[in-house]
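In the two complexes below, subunit A is the common chain; its partner is subunit B in one and subunit C in the other.
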Partner chain A sequence: MAISFLLGILIITILGLFLGFGLAFAAKIFHVKIDENVEKIIELLPGVNCGGCGYQGCAVYAEAIVKKEEEINLCAPGGQKVIDEIGSILGKKSVGKVRYVAKIQCLGDDAIALKDYKFNGDEDCYAVSSFFGGEKACKYGCIGKGNCIRVCPVNAIKRDKLNRVWIDSDECIGCERCLTVCPTKVIKMFPIDGGYFVACSSPEMGKKVKEVCKKGCIGCKICEKITGDPDRIIVVDNLAKINYNSKVDLRSAALKCPADTIVPIKNQKLYMKNNKEYKIEN
Partner chain B sequence: MSFKKSFGYRGAHPDDYKYITNKNSISFTDVPDRVYIPVIQHIGAPAKIVVSVGQVVEEGQLIAEADGFVSANIHSSIPGTVAAIEERYISVGKKSKTIVIELNGEFRKSGKNIHLTDWKSMTKDQLLKKIKDYGIVGMGGATFPTHVKLTIPNGKNVDTLIINGAECEPYITGDHRLMIDRSEDLLEGINIINKILDVRNIYIGIESNKKDAIKRLKTLCLNRYNIKVVPLRVKYPQGDEKQIIKAITNRVVQVDQLPSDVGVIVQNVATVIAIKEAIVNDKPLIDRIVTVSGSGVKEPKNLKVKIGTLLKEVIEECGGLKEDVKKVVIGGPMMGFAQYDLEVPVTKGCSAVVALSEDDYTDFIPNGICLNCGKCINACAFGLAPTVINKYIKYNLFDKAAESGLMYCKECGACAWSCPARIPLVQNFRLGKDIYRKLTEKKKKNKG
Partner chain C sequence: MSELIALSIGTIFINNFVLSQFLGLCPFIGVSKKLDSVLGMGLAVIFVMTLASMVTYAMYTFLLVRFNIEYLKIITFILVIAAFVQFVEVFLKKNIPVLYNALGIYLPLITTNCAVLGVAVLNIDKNYDFISSTVHGFMGGASFLLALFLMATIREKLDLADVPKPFRGAPIAFISAGLMALAFMAADKSMLEIFNK
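== the complex of A and B ==
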């Protein structure tokens, strides 16, 4: 009884020792050198895997920085802070590119934009837009079925109670995913320091725009006159266009806009809240 | 009761609602003041416009010519002047260039005795060219150019011609009335096609809910023609090309085959009559039979409508819409498109206008959840699994959806009709097809 007991312990011990040495050798022989810097950079990067830098994810980008000497200023969500930290590890210095955020150039919702019909079916922007160009009478605007909301990795895209979709600049990381799923191409990128953007995409004549939507650019040129600088804001094809190379203040023009379509880029949240007609759900 | 043929155990059984209009003979409409003729009225390349604004056109004059082999000519349906060429929405929900013609001048052909052409002395190529020149397309709804269908590729042997009088879609009775009111024309048209194809067997397949049509054609064909009238079981989609071939000849057309691969050509009843009119009466395809039916119309009728007439004028002809109309559908309730606006022109493929009042209308359930009951699989006559394909589309796996047969879906609507969760399957398939086509185009571009 006792012998068989001891024998068992002996066999297990010998086997354990043998396998243990085997593992130790394997670890030595098959050792993969992991660059410390890669691990550090992976920890520094925000980890949202948005793909904005052009790589599949944060880990791949970190490897590319160390091994392929990729530029360190490609991470849009991280901003200047992450660039500085990565720079301190690698001894490099770089300035972040201008941060761009996505904006939906349409303010039409259930209350102010006229609708041609009600779509009976699954909520998908492509499906609706392929059927008579969308529910709204204005065929240039936001379809409002939320394809972009579903692909946003950081939930920066919000929806009102009245089905108006808008993007919060504080949360937007500029990965441009929403641009690819929008069938009407109503989402565009704007520099965060650009001041204001025109929240309408309709190139129709003013009268036609007014018939179908209360918040549409009618091409009245008031903004052009108040600013007095055609390099900054100019009306082309019945639609105001802002040039972001110039830094002239547009505040007075935005306040005077009869349709309220010149919207601040940074504080769209405030703009949406101040407007008493809208209460934000989220 | 005799044994009636059908295509197998699959399919759906919607109520046919044919009783509303199947006793009304074809009546004529007033000539519209303006017609709106889109250049996209057929499968294939859009026709090329050959008129300019301000030009005077005659009735039946060529206004847009076929752009390529798979395309069809388009003719003016009224005499007049071209008022504008503009972009308009057509009944399928897409934009198309549209030629607007204002009525002006006199009708030189309609209602006048004209010289009848002796087609028996014409050769096969002459007949085909005339069909092509006069812009004949399949009038069952698919609008595939007829000259393409009748041109049989080398090496294929066609021995059977099937005339499709099944008309399985609910409400529509246009073909039914044509078979009764114009049966002589139909038989002459069949003889013309027979001269082109030179086939051994000719069948007319008719669903057995059109008993008077079957009786009339049977008595007519009894001694004079080598044509067999085949009564078919009432089942949806009996009128589809592949299903009617299976039902009548028991030959199976595989998913990637054409009917001519198994030696069969199928032509719709209305197309045959259009061919007869084109060849014997020298009349291009400028009008068609439209069934205006449904519980929302005051006087349901079978109308002969000029192509390009606005929907609202067609409905006015039938006494207008009732007040509780919920939905107006062009092209039958199973495969048609709902319209929000009645300013849509009638095109070559517009077989019916159905207005549904509140009694017949069922609302859509948002976010219906699939029960995995398999009713759609039982309904699909093409052997697809709609529930699986729908799930692939829902999760954006378009390649996998195509592997499961998405592109072989004919959008007949039998699956969506039988779905207890009321999932908009056909809508999703249309969307999936659109996106898949775009994706493959992109891939081709990237490669080339």
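== the complex of A and C ==
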């Protein structure tokens, strides 16, 4: 009994020593050098792992920069600062791409958008949209159950008191995750310096839009006439479309828009607060 | 051959490692958040479980039985599996970088996975021979992959659902896992009835 006991201790000890030295030896033989630059770049990148650059995460992108000579300006959350810092390590220079932010092309909330029925089920946009295309009488707009709010990694998507969902461009990192969970595809990407965007997606005739929503584009072409530049803003299918290659100022058109659907991209926060109609109804 | 097929089907559906034997629950909850990572993790588990069954079987018959110290099997298996996974990791990193990129980050997670230790101990308890042990290990990994895949699809939907606050995250995942385990138990009974007729 005592011998078997001692034998057990001996064998386990020998086994442990053998495996330990074996592993140490294997680590020496199979040693792989890790590039110092990769680790430095991983430190610099924001680490949100949003996938906006097209790689699975920040670490994979850092490796691609060093080994595959990938462009260094693909990180949207990091911005120009991170690009400069990476550039100083690798001796490269690059200018950041135009930052794109997501915007919801719909302003219909509980007060101004007519509803067909009241949905009492799950808080899930897909569930609601499977019943007659959503609660709202307008079937092109935001469903308003907040799938995008729940997937946003940085909580940039807000909901106000009347269930209007909107995206704060200061906080949006442009990862495009919200685009994939929206059943009506009412969220689109806009360049941050593009000025204004049209916050309506309904291609219906003006009369029909007015019947169901107070803040819908009715295709009146006032914006087109005021701007006087068909390359900048043009009405197609009863819906104003803005061309972001042109830089003509749209402020006057935004002020004259009868339905108030031309909304600034950068300061939507202020637009939401200063809206007079809003104040009265709150 | 028919025994091996029966063993395979039994391991995947009736004695599912996660949902019937409750082994490997930590990676099951931890890695099932996203569908993207499921395939990598599942393949890594299949890989490690198959090789671990082979290695521990050899270790048991040629070392422990020989010196009459079978009672030390669990501690020996832990030692051997941990060392073995570490070795496989450094080996893959140097020689097969493609496979390392696919499995790499999951391999250290599996080192101490109870499903891997479980398959080694079960092989001995059920007196499987070398080939049966290997098949059991491989199918055990496959059953883990199946459970992980089902769970990940459910959890991606759960992310969008309006779950009460105290249940968000792991609690609701455990509740769904419990319901899935019940479903697998039903498969077990009905299958037995068919075989008895």
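Operating definition for what follows: the second predicted complex is superposed on the first by the 243 of 282 C-alpha atoms of A that agree within 3 Å, B and C clash if a C-alpha of one lies under 4 Å from a C-alpha of the other, contacts with A are read in each partner's own complex, and residues count from 1 in each chain.
Keep this in mind: a contact is a pair of C-beta atoms (placed from the backbone, for glycine too) under 8 Å apart; a residue touches a chain by one contact, two chains touch by 3 or more.
Given the structure is predicted, the values throughout are model-derived calculations rather than measurements.
When the shared chain is aligned, subunit C comes close enough to touch A:15, but subunit B does not.
Touch criterion met: A:130 reaches subunit B, while subunit C stays clear of it. Shared-chain residue A:122: touches subunit B and subunit C both. Look at A:23: by the touch rule set out above, it reaches subunit C but stays clear of subunit B.
Put subunit B and subunit C next to each other and count what each touches on subunit A; the higher total goes to C. Of the two partner chains, subunit C is the only one touched by A:7; subunit B is not. Using the contact criterion defined above for the overlaid structures, shared-chain residue A:147 touches subunit C, although it does not reach subunit B.
Note: residues 122-124, 126 of subunit A belong to the subunit B contact set and to the subunit C contact set alike, using the contact criterion stated above. Contacts from subunit A toward subunit C in the complex involve residues 4, 7-8, 11-12, 15-16, 19-20, 22-23, 26-27, 29-32, 56, 122-126, 147, 150-151, 181.
By the touch criterion stated above, subunit B contacts subunit A in their complex at residues 89, 93-95, 337-338, 340-341, 363-364, 366, 424, 427-428, 430-431, 434-435. Residues 116-117, 120-124, 126-127, 130-133 of subunit A touch subunit B in their complex. Listing the residues of subunit C that touch subunit A in their complex gives 36, 63, 67-69, 71-72, 75-76, 79-80, 83, 86-87, 90-91, 93-95, 159-162.
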